[in-house]
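Two complexes come next, and they have one chain in common, chain A, joined by chain B in the first and chain C in the second.
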Partner chain A sequence: MPPPRRFHYFHSAGIRFAATYAGLLAVSGAALAMFLWWATAGLLDRQTEAAIATDALGLSERWADGGLRSLVSAIGDRLAGNVDDDAVYLLADSSYAQVTGNLDRWPPSMRQSGQFYELQVVRGGMRSLARVQAYDLPQGYHLLIGRDVVVRSQLRQLLTDALLWAMVIVCGLAWIGAFVVRDMFRRTLASVSDTAQAIAAGDLTQRVRLTGRGDEFDQLAEVINDMLDRIGRLMEGVRQVSNAIAHDLRTPIARARTRLEDASLHAESPADLHAAIERATADLDGIVAVFQALLRIAEIEAGSRRAAFARVDLSPPLAGVAELYEAVAEARGVTLETNLPDRAPIFGDAALVQQAVANLVDNAVKFSPDGGTATLSVRVRPSGIEIEVTDRGQGIPADERQKATQRFYRGEAARHTPGSGLGLALVQAVAQLHGGTLRLEDAAPGLRAVLNLPQSAGVVTI
Partner chain B sequence: MRILVVEDDKDVAGFVVRGLKEAGHVVEHADNGRDGLFLAVSEPFDAIVLDRMLPGGIDGLKILETLRGQKNATPVLILSALADVNERVKGLKAGGDDYLTKPFAFAELLARVEALSRRGKAEGPTTKLVVEDLEMDLLSRQVKRGGQKIDLQPREFRLLEYLMRHAGQVVTRTMLLEGVWDYHFDPQTNVIDVHVSRLRQKVDKPFPVPLIQTIRNAGYTLRAERA
Partner chain C sequence: MFRQIHRTQTMTILLCLLALAGRCALAQDQPSEVTTDSAAYCTKLYDRVQQLRQAAPAPPSREAMDLTAEGQHMCDEGLARGGVMRLRRALHILLHADDGP
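On to the complex of A and B.
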């Protein structure tokens, strides 16, 4: 026994899609927050550092110009001129005792020069936060330059809080969105799944509902519906064939059986018996021929021959058909006119097309009146090859034309000619296999059969 | 001719064996793949009639492949209920010389087997075919009868050539369709008869002795009618 499937949520494609959605949303939210942080708080930090660096450059020039006295006076000037009251200076001697500046004492944690520190300072009796950097001066003096950043740090705190909250909201939204995505997914698939279940239960008329938005799901639904239509047609074909076998093959089988039984009961001489057996054998041969034609049509309709498709020139095989039937037509007092191009390239199965055209020409010759003319003409069009076979016989009445391509259908006019009623069905099957069409038209008088075969596969090279 | 029939269906095998014997051939029969393969490799035959689906673990194609693997070129006629184009191709690819689907008419089988045995003998490139007073020059593509030139259409030429190559043997309508027109389907109308009768007009009509004979329920043969 297989183990029971645990926690089906992991098997739900909806959940997977939803989780992906949530994950993507969270990641993009985080990326946005990080960029915002970098662009605001980060910018403030960089501005502070730039200001400190500029200060340091200015003060070092003063030191170079006038030594300690000049530096002390410069610091005094800068402190006096500092409107924002955010500058921090401390000049200390080699023992870190204050020489001048607005800090009372050198921060003990700060020993490394040339590096930024952010630390608590006491300035004018007020505790505050400053971003500072120390510089070593000649003669053991140390200079500390900094900026009060308490306001900026508050701003940064605010920003951090806001972004954290935003992340929480993003996660919440992602969670909700995930559920929405999952539900959409389920709803959309429900239609497909319901249809499939109905089909599996035997109701072949069900189709997937289209939303009419023309989106991917609609495209999928259309493909599925096309597939179901095809299955439906195949089922219909199977039913037609079984009906046909039941009705149309029963008759010749019954005839052969009757002949044999009659002969076995009533034959008076071996010659009679022989004759009856021979006739029954001929009947059976006819039945076998019908079966072979049926199987061939079924084979063509199944589409497996498509694997053998190739680029072929139809001209030689069709010329062969014309040549084969020209003699037959002549023997019947019918003229077969042919009009073939030098080349008629298609992507398909030349032997099948040849057989289809042979069937059409066979019909045309068969139904032509004495002294009449049948024509086989092939035209190369940009869209494909058009094969037209026309006779001057009785034609097929308009209301029968649709049915003429069904298996075993025999028109009133054809009742008394030999044939199985499978010829046009085969032509139709060959046309469909090639993605083409078979059109039957009134040639007034007579029948015009037009077989259109596309130059498919997108390769048109002449 | 010594012919091996490998066929498991009792009725079919009995029918084929009896018929071939009546036609004057020596026939061996195996009713399973193992015996069939054993006979085929251990004894010389002029032709083998081989069913495809056989009991005994070795099917017809396997026998055929084994034979051809041993450079045994005995002509093989595959006799099978598998009638698909693909199956036919499979059989011929495996080394079969001809493929006949069940159900079949015995005349068809006999004609094909006899045609095969002729093919088995290496003829070498012939340039001239002669039957009675009918001569065919394959190089200049000229046909003469009793010294008199006969003009033939290309297809008529090929039809006559086929008949002459199988002179004295029966050729069936399907053999002609396949051999001369390369058609592997059965046109509903009997087109072959029309073409043969046209050929007769040219080859036989002007002469006292007809050469193309119709064999009832079978096909045609090319030989002088002897009383």
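On to the complex of A and C.
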């Protein structure tokens, strides 16, 4: 078991999730604030710059029409008509000395033409702020045009403060929301984690709790619970098979041991000893046969035999089965009737199908009463081959038929007949390997086993 | 005090960055005086209004006369900025008297 990892904040998915949430919220808030600033305070700036540009265009036309005198007159007119009391003009000569305008002097740092400046001014003894733009005119003259923006500046300041505070609030909410998201994440994962820990500790009955909201977490919990259910069923199956193996093999092993022990203690002659060894060997051969059957079923279920599939005719192998079991049936006083077609083509493994049918016929002969009749009939249909084996014995009760194909399952009627309980399990495995089905039905009386094999086996996952 | 200065500088930097970088500059000069808020300009503007009134073919409106009187009175009382604003409004009315309502 690896040593427990030290908790680190950057290794916490919950914290990463929460940080992502907080980051996205903060970025969204910042983007919104930037847009609001651009749409309000930025708009005021753009309006001021547009007014200055328009003013500059008008004055340049006056300069072009009448030169310096016309420009001086125009500036005087504009100052006189400036009802809003926000205009700033300064016309200066080449040495930046005032020619006309309402500024007492040219600011020394504002001599670059076309550049916008924020200019501190004094109006009636009160400090104010103007936004101005400098222009170079012909003959060395310079013009400064501007607007008093102190009110706009104050409004812009208010907007900026409000947006900055809004950003602080958004960051605070993002921080709180991040904790909420982290806790939600942890609570959801805690349920999965608790369940996994309980299962790791051996309690397979634990399941992930559902919130009932039907959201993605509930869907995940349902998938995990389904997975756990399937694991539980598989483990139960393994447990049953293990128990069955232990139970079914204990008796012949114990019998073989007893015989050998008895022979070693009580055998009076080498012949008695040899006979006891032979009987024990027969018991052990039976055990080996059970293991071979189990391995064969496992091999079939693994699907490795599918690589050997080919287009085959089942008539000859099935005729061989009939011929073999006719003699066996006759020895038991049972009549085996067969109805086989001339050709029964399928795509599959003829040897496996032959063994499966042999198992069915063996069961039918074994469970048929003395003087009874067992039948083996094969029908060729467009969809595939239907192999039907019927006996007139006690049959299998309806509630046991589902279990009859499980490994080592033996019904009440089969308790006292020889067998390992693996025959129908092998037939079922062969049917599934070929993409077919095994159906057990009541033959009233007796049992009818119907093995359907398609013409071409599909891909089947067992 | 320091906090106020620091805050102002921060805000200025932020505004400069946002208002199209490079197009904004804050002057570090001594503040310039706006001369149109002075009593001298008030007198100059009053003379201009009077010239316009005399040159007008029709008598000025009552509002223009009242604004002129108020402006002159405020300028005499040392309230140059308020007086200039009223004289400008009076001038505006006189200049646009022919425009009609």
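Please note the rule applied: the second predicted complex is superposed on the first by the 261 of 462 C-alpha atoms of A that agree within 3 Å, B and C clash if a C-alpha of one lies under 4 Å from a C-alpha of the other, contacts with A are read in each partner's own complex, and residues count from 1 in each chain.
Everything below uses one rule, namely that a contact is a pair of C-beta atoms (placed from the backbone, for glycine too) under 8 Å apart; a residue touches a chain by one contact, two chains touch by 3 or more.
All of these numbers come straight from a predicted model, not from anything done at the bench.
Colleague: Figure out whether A:R156 sits in contact with chain B (first) or chain C (second), or with both, or with neither.
Modeller: second
Colleague: Looking at A:A97 after the superposition, I want to know if it touches chain B, chain C, both of them or none. Which is it: first, second, both, neither?
Modeller: Neither partner.
Colleague: Can A:G42 be said to touch chain B (first), chain C (second), both, or neither?
Modeller: Once the two structures are laid over each other on A, A:G42 reaches chain C alone.
Colleague: Could you look at A:D85 and tell me whether it touches chain B, chain C, both or neither (first, second, both, neither)?
Modeller: In the superposition, A:D85 contacts chain C only.
Colleague: Tell me which partner A:A200 touches in the superposition: chain B (first), chain C (second), both or neither.
Modeller: Neither partner.
Colleague: Have a look at where A:A310 lands relative to chain B and chain C in the superposition and call it first, second, both or neither.
Modeller: So A:A310 meets neither chain B nor chain C here.
Colleague: So, does A:P107 touch the first partner chain B, the second partner chain C, both, or neither?
Modeller: In the superposition, A:P107 contacts chain C only.
Colleague: So in the superposed three-chain picture, is A:Q115 touching just chain B, just chain C, both, or none of them (first/second/both/neither)?
Modeller: second
Colleague: So chain A touches chain B in one structure and chain C in the other; where do those two contact lists coincide?
Modeller: none
Colleague: Over in the complex, which chain B residues touch chain A? Could you list them?
Modeller: 83-86, 103, 105, 155, 181-189, 191, 194-195, 197-198, 217
Colleague: In the complex of these two chains, what residues of chain C are touching chain A?
Modeller: The touching residues are 11, 14-15, 18-19, 23-29, 31-37, 41, 45, 48, 80-81, 84-85, 88-89, 91-92, 95.
Colleague: Residue numbers of chain A touching chain B in their complex, please.
Modeller: It is residues 278, 284-285, 288-289, 292, 295-296, 299, 304-305, 320, 323-325, 327-328, 330-331, 351, 354-355, 358-359, 362, 365-366, 418-420, 423 of chain A that touch chain B.
Colleague: Provide the residue numbers of chain A that touch chain C in the complex, in ascending order.
Modeller: So the residues of chain A in touch with chain C come to 34, 37-38, 41-42, 45, 79-83, 85, 88, 101-105, 107-110, 115-124, 127-128, 156-157, 160.
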